[in-house]
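Notes to accompany the following structure.
Labels for the chains are A, B, C and D, by order of writing; each one numbers its residues from 1.
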Amino acid sequence: MLIVMKMDATPPEVERVVSTIEERGLKANPIPGAQRTAIGITGNLGVVEPAHFESLPGVLEVIQVSHPYKLVSREFQPHDTVVDVAGVKIGGPEIVVIAGPCSVESYEQTLRIAKSVKAAGAHILRGGAFKPRTSPYSFQGLGLEGLEILAKVREETGLPVVTEATDIDVLDQVAEYADMVQIGARNMQNYTLLRRAGRCGRPVFLKRGMNATITELLLAAEYLLDQGNGQVVLCERGIRTFADHTRNTLDVSAVPAVQRISHLPIVCDPSHASGKRHKVLPLARSAIAVGADGIMVEVHDQPDKALSDGPQAILPNELETLMEQARVLAPMVDRSLGALV
Amino acid sequence: MLIVMKMDATPPEVERVVSTIEERGLKANPIPGAQRTAIGITGNLGVVEPAHFESLPGVLEVIQVSHPYKLVSREFQPHDTVVDVAGVKIGGPEIVVIAGPCSVESYEQTLRIAKSVKAAGAHILRGGAFKPRTSPYSFQGLGLEGLEILAKVREETGLPVVTEATDIDVLDQVAEYADMVQIGARNMQNYTLLRRAGRCGRPVFLKRGMNATITELLLAAEYLLDQGNGQVVLCERGIRTFADHTRNTLDVSAVPAVQRISHLPIVCDPSHASGKRHKVLPLARSAIAVGADGIMVEVHDQPDKALSDGPQAILPNELETLMEQARVLAPMVDRSLGALV
Amino acid sequence: MLIVMKMDATPPEVERVVSTIEERGLKANPIPGAQRTAIGITGNLGVVEPAHFESLPGVLEVIQVSHPYKLVSREFQPHDTVVDVAGVKIGGPEIVVIAGPCSVESYEQTLRIAKSVKAAGAHILRGGAFKPRTSPYSFQGLGLEGLEILAKVREETGLPVVTEATDIDVLDQVAEYADMVQIGARNMQNYTLLRRAGRCGRPVFLKRGMNATITELLLAAEYLLDQGNGQVVLCERGIRTFADHTRNTLDVSAVPAVQRISHLPIVCDPSHASGKRHKVLPLARSAIAVGADGIMVEVHDQPDKALSDGPQAILPNELETLMEQARVLAPMVDRSLGALV
Amino acid sequence: MLIVMKMDATPPEVERVVSTIEERGLKANPIPGAQRTAIGITGNLGVVEPAHFESLPGVLEVIQVSHPYKLVSREFQPHDTVVDVAGVKIGGPEIVVIAGPCSVESYEQTLRIAKSVKAAGAHILRGGAFKPRTSPYSFQGLGLEGLEILAKVREETGLPVVTEATDIDVLDQVAEYADMVQIGARNMQNYTLLRRAGRCGRPVFLKRGMNATITELLLAAEYLLDQGNGQVVLCERGIRTFADHTRNTLDVSAVPAVQRISHLPIVCDPSHASGKRHKVLPLARSAIAVGADGIMVEVHDQPDKALSDGPQAILPNELETLMEQARVLAPMVDRSLGALV
């Protein structure tokens, strides 16, 4: 932490800051400059909040130097984490494609789409049983029945399944049925849910909130790791900006940013970011090219009849095109796409 | 809903859109224009998603005309809702001031601050027992003990109490102890929590998410009203923007915007919006002047030692100044501040 | 400037940073901490860019400690600047109201509106002669003829005039006719224009760009002061955010933020921020209550027929109401509204 | 344009809107719905502003249906525009790479870097002679001398040159020396400059403003086309968002969005978007993969000594890597990278 004094701060004001630091068992390192004095603080800063210094007389501002996350950082663990989802490895040499419908609507619909995404070469099946919806009047998901459908479809296709736990209420159920538990963007800062997910015994797929900074995303993941669950996949799914030509703005730069700071794998979801089918393939390619560990993409064979988010679902044959493109792209980012399952 | 056709859309394409509309039991109203055709849809649109038309050939875009909320809208209920918090009325002729510490830290601290905010003329006591924190390493609140402290302090001071329910896990407890249940900004789209809060039997204080539009805020409130709870107070507490001179940008324009569309009262929280003590009074005045039904403000008598958010807490004597200013301001917005309790 | 080393930076890496600092004639102040070393740089940092250190091995990040502006800062000039616009003082004890039509449309229209705003008690007349318009097909202003109309109307009413110089091309003309030259939000970073305006011999009314931070606004003003023009009024007119219920989000917190850092006066423009008549009065009150030195507001007596921005113009009688409210509000921020002219 | 009436609008209110529309020579198309009436307006809407209807009694809101741009739209010109920069075609089957230093610092520096970017296979040389800088104390470019250096270097290397015209003052000079004139992000809405650039006789490279929507970008281009200059290249260079891990957020989705609406080519600039060298290659790949017509990238062989933006400049050997990657990527978006020049 660095405390910057005002230009006209008096020596007693500087002295008071120094003694306030020392009272807390920390070391004050004054740096007298040409125009003003700054004071570096060293020692165990775990419990110090800038608050304690900001209101002292003569203080201009307090600058946080170290970041508040630990377990998720590359300084803590230099090597990449590889997350194992029932045998599918995320964060390793292969790019992983997670595909499926927005919502589980019926056994037939889910099986049909699962078969088509498997045929296209996708590695993991997605599908929502519990759906967080902006309006109380929208379709809210099949719930437990949806989880059972996913389990049956997994049995038939062999595809591992990821699905969202919208609340602590349903977390255990979801963890029982799913191979990876998704925490949605709106729940990224639902800390009770994060703590429980950190103890659920399954890998967690954590989506970045629409207004979350990278630091906040990593701190949300820190909640999971802090509970002992290191099997965490981050997901960039678009942030909220002033731009109105897409539902959200896919922040591809989050991928290299996270990879530099953290050892956790990061995947992109171009479907939710764009909200429009015709942008999904370009954005998916973009995500792979920027170096993402995988993509999550919504697929539906009858998007006009989908109960949710039909306009952003690509068709099975578009997924096939995407897989071919991904196969070409992968080597450029020192990856492969894996053999067809 | 209005469907805008491309300039070069063919008559059969227009015809297909019309018949797709009619298949759904709706009425298609084609408007042939100089350059293109638009098609208005009328009938009960409750279950129609734009998705169903966006991907039809010849369609340029689909424009939603009616808003998705109902119960919260002034078209549904023209007169203002007045929320009764243990006798304190929010949304009526008096501006309500909710004040207290960020966190309940101890019985003594809470009582001391409660007495000082009461002496200053505040109407409701705030104080967090369960704290949602960005970092797992920050103070997370006293929990149940905090609720018990709040109840005791209410008994001693007569001030009604509002405190946050961070999750469904603790909602019943919070509803048992508090006079009004707060749903925090990070939980504004925690739909399970909203539904339960809609059945908790207490007024609900719903904070706008940092990235929520007014429509989304109103839809979150719609979840509460849809469960039968019409006693809802909305709260503007700052949105996330590129501006970096405050923690969040207090969007005072949300107040007249909400008041035009909805009958629910709306309060501003200048403490969380600014994150800095020296901006709290100016922003609080700003909120009252724009027409808010009240303000929520954090007060601490020893902010340097506060366990959370000390730098944004104002001192008891600053609250007194604020109350005097509010008293002068109130008549300008056709309000009063009420007699000293 | 503070250089933060990685946790695993080696002593030779630290040494190399130190010597790179010293090669530039600066002083390196290493602060060895528990986990990592930071190095404070002191000396004349005028010409040092973080770039020079960011790419050295072992460096985690470079943090700028001092701000890049000088002349505009309160550290440079502690007392408030008062700007004199043909006798009207902005930044002094009186709140200043600048009012008038968006565009000068004709002599009659301008005179009529000027008389009504004067009767209401406004202090300065606004009106655009050169109009920057998003679309090339919109009304672009009367140009020189507009300036001549403003001059005639000033003669008749005695109201000083502020109008926008959209480019260096017209700056001299504008400076010849106007009592204060406006630099619009879209031109806040038009540096050639700023430099010329800094030498134009008139006070300058500088609007914050829709995406400008406070630091960038102050640096734009620094261009003016650097050219010898200290008569600068800043104007907050709304920033671009995700919020879609107003055209822009009026950032009232910019007022106390600027006042803390800079000695320049700051005014708010609620008309452009909101884009809607019914929000103008609430936002104007909000601006005065937060402590702004004045407000700029668009007034039209026939808004339905206005050639630009009619929907955001208030009517003359609404201005009268606003002036009354401002008169009540002013004492609360230790101001007055001045006698009727 | 669609006028949505309030639910409780009376028949005379509807009638008044209809007659107001007809008075303007337009056709009113009332659509009575279950809950409310909407009125579509058809006819030549060129001169109608929503203002004229928004304030009529009973009107809830006015929705713009058609977009305000014409010449830039694909509806106006279905086929892609190909821009010819001294023989290099942007918007055709080949992806174009524009590379060079941020600033022209000296003849030697520019020649050295130009040779290296040519050797790597880049097609056009970039380099700033006039530099718009946030601070008046930063290096402002060599001006005319810089233009002369660029011209000499072009002669020696054969690379066409693009450089920025920061103002109308220097536009003619820039147009005389450069093969393509750049309009910077901060000048995207400098309409005088746009109009002049529309008559300068050179292709124009128009950067998206940091806070510009796609509609505003296209309207800025419309100013150029309206003056007869159809040789316009758009450039996405990052937008301003809350995200603080990069200088700006590269909005790759702007590429498919623009391509769907407009016939103009669009290029991405990953250097300014990221501000950090280590993100440039990933973002450049991302831009190509999303379908951009080219990339503009800053290259410096001694970035530590660069007079501006050193930290975002890639090294010549990194450009070589990027060119190889682009060569592999190109076929996936049905492009090639062209033979080495």
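We take it that contacts are C-beta pairs under 8 Å (C-beta built on N, C-alpha and C of every residue); 3 or more make two chains touch, one makes a residue touch a chain.
Only a predicted model underlies this, so the values are computations on that prediction, with no experimental measurement involved.
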Checklist entry - Going by the contact rule set out at the top, which chains touch both subunit C and subunit D? => result A, B
Item to check | Those chains which touch subunit D and also touch subunit A | outcome: B, C
Next on the checklist: Please tell me the distance, in whole Å, between the geometric centres of subunit A and subunit B computed from their C-alpha atoms.
Outcome noted: 26
Checklist entry - How many angstrom lie between the CA centroids of subunit B and subunit D, rounded to a whole number? => result 38
Checklist outcome for this item: Cα centre of subunit B to Cα centre of subunit C, whole Å, reads 31
Checklist entry - In subunit C, what residues contact two or more other chains? => result 211, 240-242, 244
Next on the checklist: Under the stated contact criterion, what part of subunit C meets subunit D in this complex?
Outcome noted: 46, 49-52, 54-55, 68-69, 132-137, 140, 166-169, 186-187, 189-193, 195, 209-211, 216, 219, 222-223, 226, 240, 277, 303-304, 306, 309-311
Item to check | In the complex, subunit C residues that touch subunit A | outcome: 2, 4, 6-8, 29, 31-36, 38, 40, 42-44, 63, 65-66, 75, 240-242, 244
Checklist outcome for this item: The answer for subunit A against subunit D in the complex is residues 211, 213-214, 239, 241-246, 249-257, 260, 273-274, 278-279, 282-283, 285-291, 325, 328-329, 331-333
